Amino acid sequence: MTLHPAVLALLVASLLTGGMVLYAGWYGARILLQWEIGSGSERQLELERRTYLISTLLSVAFVLQILSLFLYVFTADRLHGMFSGAMCAAGTLNVNGFGYPVLLLKIVTFLLAGLWLVVNHADTRGYDYPLIKPKYALLLVLGPLVLVEGYLQYRYFAGLHPDVITSCCGSLFGQGQKGIGGDLAALPAGPMEGAFYGGMAATIACGLRFRRTGRGGYLFSAASTTTFVVAVGSILSFICLYIYELPTHHCPFCILQKEYGYVGYVLYIALFGGGVAGMGVGVLMPFRGRASMARVVPALQHRLVAATLVLYLLFTLVVSYRMLFSSFRMTAGPTP
Amino acid sequence: MIALHDVTKSFHPGKENQFTAVRNVGLTIAPGRLTVLKGPSGSGKTTLLTLIGCMARPTSGRIVLSGGGIAGFPGGEEIRELEITSLPERFLAGIRRATFGFIFQHFNLLRGISVLENVMLPAYPTGERHGEIRRRAAELLTVFDVARHAHARVDRLSGGEAQRVAIARALINRPSVIVADEPTAHLDTDLSRGFMEIVGSFKSDGKTVLIASHDPIVCDSSRVDTVVEMRDGRILRSGSTP
Amino acid sequence: MNRFVERHRSILDFALSSLLRRKGKNISLWVVYTLIVFLIAAIVFYTHALKREAAMILQGAPDIVVQKMVAGRQDLVPVGYVGKIAAIRGVGAVRPRLWGYYYDAVTGANYTLMAPDGSLPGPGTADIGSGVARTLRVVEGDFLPIRAVDGVPTLFQVRKVLPYASELATSDLILLSEDDLRALFAFPRGFATDLAVTVENPAERATVAAKIAAQFPESRPILNSEILRTYDSIFDWRGGMMVVMLGVAVFSFVIFAWDKATGLSAEERREIGILKSVGWETGDVLLLKFWEGAAISLAAFLCGVILAYVQVFFFSASLFEPALKGWAVLYPRFKLVPDVDPYQLAVLFFLTVVPYTVATIIPSWRAATVDPDAAMRS
């Protein structure tokens, strides 16, 4: 296993996150079983005190999880030099069977963690802890995912052995291995462009309608989530091509590099942030009716919708700018 | 108006040192009046004050706030009546900050910071502009004639000055109820009488005042509207002074 | 939004004054924290800078080096290979290189002797690297004795000391004419130490190396990229080893921080009790503790990073050199190029600030959940 300090940092982070989540889960289970909001008993008071600790632990754990997603991708990128044939993060992640599953799990836990933070925010604003049960139920789903991801991440890094010179063989690693980075599966560009812009327009329209009339929350959330998925596919399918100005380079990680102005960060942060906010609106919808949430949830949803619209708009503008001013042009015609 | 219905507060239930401070207390605090809780130490006066002042939750029973709007509670302006018995701490603290001003027996001022900062402290979590808080604090210090000590350390104040700073601090969030626990315990006669005059000014401002004391200067003052006698956590009798 | 900002601002204000009120405890915490950040930052910066240096040096190295192996060990390469290798498609040029190691018993140092292309240095003279000049204490014009294989020392006059700027690549180098070198080592004509092969197109290099290996099964072609990868690996590994060893230090620091956070003095307890009784709720006190931690973390992180930067780039990491550069008698002296990027700082953050923050969560919570009525009853 490579002992690069960044790898150690990621392992330490996942250990700490796992520990905090386990602790929170243990007390969360107790809260689910023993919670009685109306009681003034010492046990209830103690449980209420403990919710502060659990909220804090989980907020820190989830912020850490979100940061470690970026650190993971960046580390994979930095390590690509160690493996012959790896051009960027995509190559590094391909070295053993754990690289991509860990990335996928990190993305999923990122989204769920963001959702948990949204629900927690709403719950603390309610005068009778209305969302406490759904919140800890979500934790029971999210907790194991975090632990599994931590373990798989360890297996991934433990299985990374840099291709170094051995005493007898020289350059024979490179033989027979094609460039891994560039050949990721991609959907046809034309239809994707349509789907992308269509999805963005639909999301914006639904969002504005929701803000004005307060109706269509589920519709907005569905639109924004679909657009999120379409946008991720679009990055692979055509957005990258305009940024790299090459018809075959589909790698979604290279746009994070300095050569491309770190534009990848802007795109991913905007897209993921908007995605979580949009999903948050949908997750909060079932709780609009509760008495204590009557003022809290609509106000929160308004802010989430605004966040989604702003971030998605930013994403679209950056993408469109790159498409307009790129020297790359896609023409219709037979594919070579 | 603050109404308590059959309120009990026990500490360490089920353990060796179980202790019931307040037993089945039913009480109504009328707005704009001066109510005195009278009784020996250990009678539960202080615990009752913490229950009324939204500092603690009763083990059983109900506490209801009513009147024209509840300050410090989201949407409280439109609420006529609110039961606060099982509110989470965050909401209880919000109501307490906006509605109640506390004056403690030992003043409870922070030693390492200036007098002005001490007065500003309760307003920090409200999110008001820092400059605005400072201005109001300076004004209060002037009203209570301790403005010259604004930047002094608290240790240098005399007993009377310290108490006036404590009173100024109690008023920083413009509360409608003032709660004082044995306010004259460390004051001489003159200062005690001075305190009662300040209480009189509270009354004329329309504030509700609640004092726990067994000092005759307080209990026998002509300004007192209601006296509630307590012993062993129960109310013996309560009545308006003639 | 405004309320949000003002609340944070007011509480941050109080947090800073709180820290100053307990100088002794907070300064000792800050000093230890800074030390930890400094140690790890120095290692991270140094490893990264060394890798960059290696990469820059290797830019000038040949694309492929071909060695001949006999029984798994390196042997002399016949110059006859040159023509056949040059004929492989994609190969630009093939140049035989003549060089070897020379162990000087007097100083205990290993030098590299090499015959460069061209006519300089002339017979009987030598160009030496600055490390050699330092170790043997010779300057231009002095005479340098070198023993041949038969044990007889030959004197060479030092024509030139190679410039300091090329220190990293030339420090232990002694350049001689080809005839002198062959005489010293009894190098037979028609053989060289290895062959330097140039391949213009990077994508072809691996293919060319494979073809060389196929044509000459006893040869070992080594790609430049593989050397770089190996160096990267070594530096990373060494850096990582040191970080792991420092893990003990970080762990101790975490326990120390936890202890400081848990050990509230009576005065601190009283203060929090008063805060809760005048209207602060648990969340506000937690925010206070968070800002205190953030202030100390920021101060320690900045100081530690700046100190490490100065140590590594101005004092050449004198504290860590031995562990990170390896053991030898002759070291090149060089100043590392300062290069710190946000990624390194992020790694540092994860290794120092994050453990500290996590360690202080539970103590902060314990402090913040004091009952508000405790102040009344004290």
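Miscellaneous remarks
First chain written, first letter: the chains are A, B and C, and each begins at residue 1.
Please note the rule applied: a contact is a pair of C-beta atoms (placed from the backbone, for glycine too) under 8 Å apart; a residue touches a chain by one contact, two chains touch by 3 or more.
Remember, it's a predicted structure, so these values are computed and weren't measured experimentally.
By number of C-beta pairs in contact, chains A-C lead all other pairings. Summarising the inter-chain layout, the chain whose CA centre lies farthest from the centre of chain A is B. One simple way to say how far apart two chains are is to compare their mean CA positions; for chain A and chain C this gives 33 Å.
Computed from the mean C-alpha positions, the centre of chain B lies at a distance of 64 Å from the centre of chain C. Averaged C-alpha coordinates put the centre of chain A at 49 Å from the centre of chain B. Within chain C, residues 282-283 each touch two or more of the remaining chains.
Touching of two or more other chains is recorded for residues 124 of chain A.
Within chain B, the positions touching two or more other chains are listed as 89-90.
Listed in rising order, the residues of chain B touching chain C in the complex are 46-47, 49-50, 55-56, 89-90, 92-94, 96-97, 102, 104, 106, 108-113, 117, 121-130, 133, 169, 173, 181. Contacts from chain A toward chain C in the complex involve residues 2-10, 12-13, 16, 20, 49, 52-53, 56-57, 60, 64, 67-68, 71, 74, 78, 81-82, 84, 124, 162-165, 167-175.
Residue ranges of chain A in contact with chain B, taken from their complex: 37-42, 45, 48, 124-125, 127-129, 295-296. Note for the complex: chain C touches chain A at residues 40, 43-44, 47, 64, 69, 72, 205-207, 209-210, 213, 220-223, 225-230, 232-233, 236-237, 239-241, 243-244, 247, 282-283, 286, 343, 346-347, 350-351, 354-355, 357-358, 361-362, 364-365, 368-369.
Interface of chain C with chain B (complex): residues 2-7, 9-11, 13-14, 17, 21, 267, 271, 274-275, 277-284, 371-373, 375-378.
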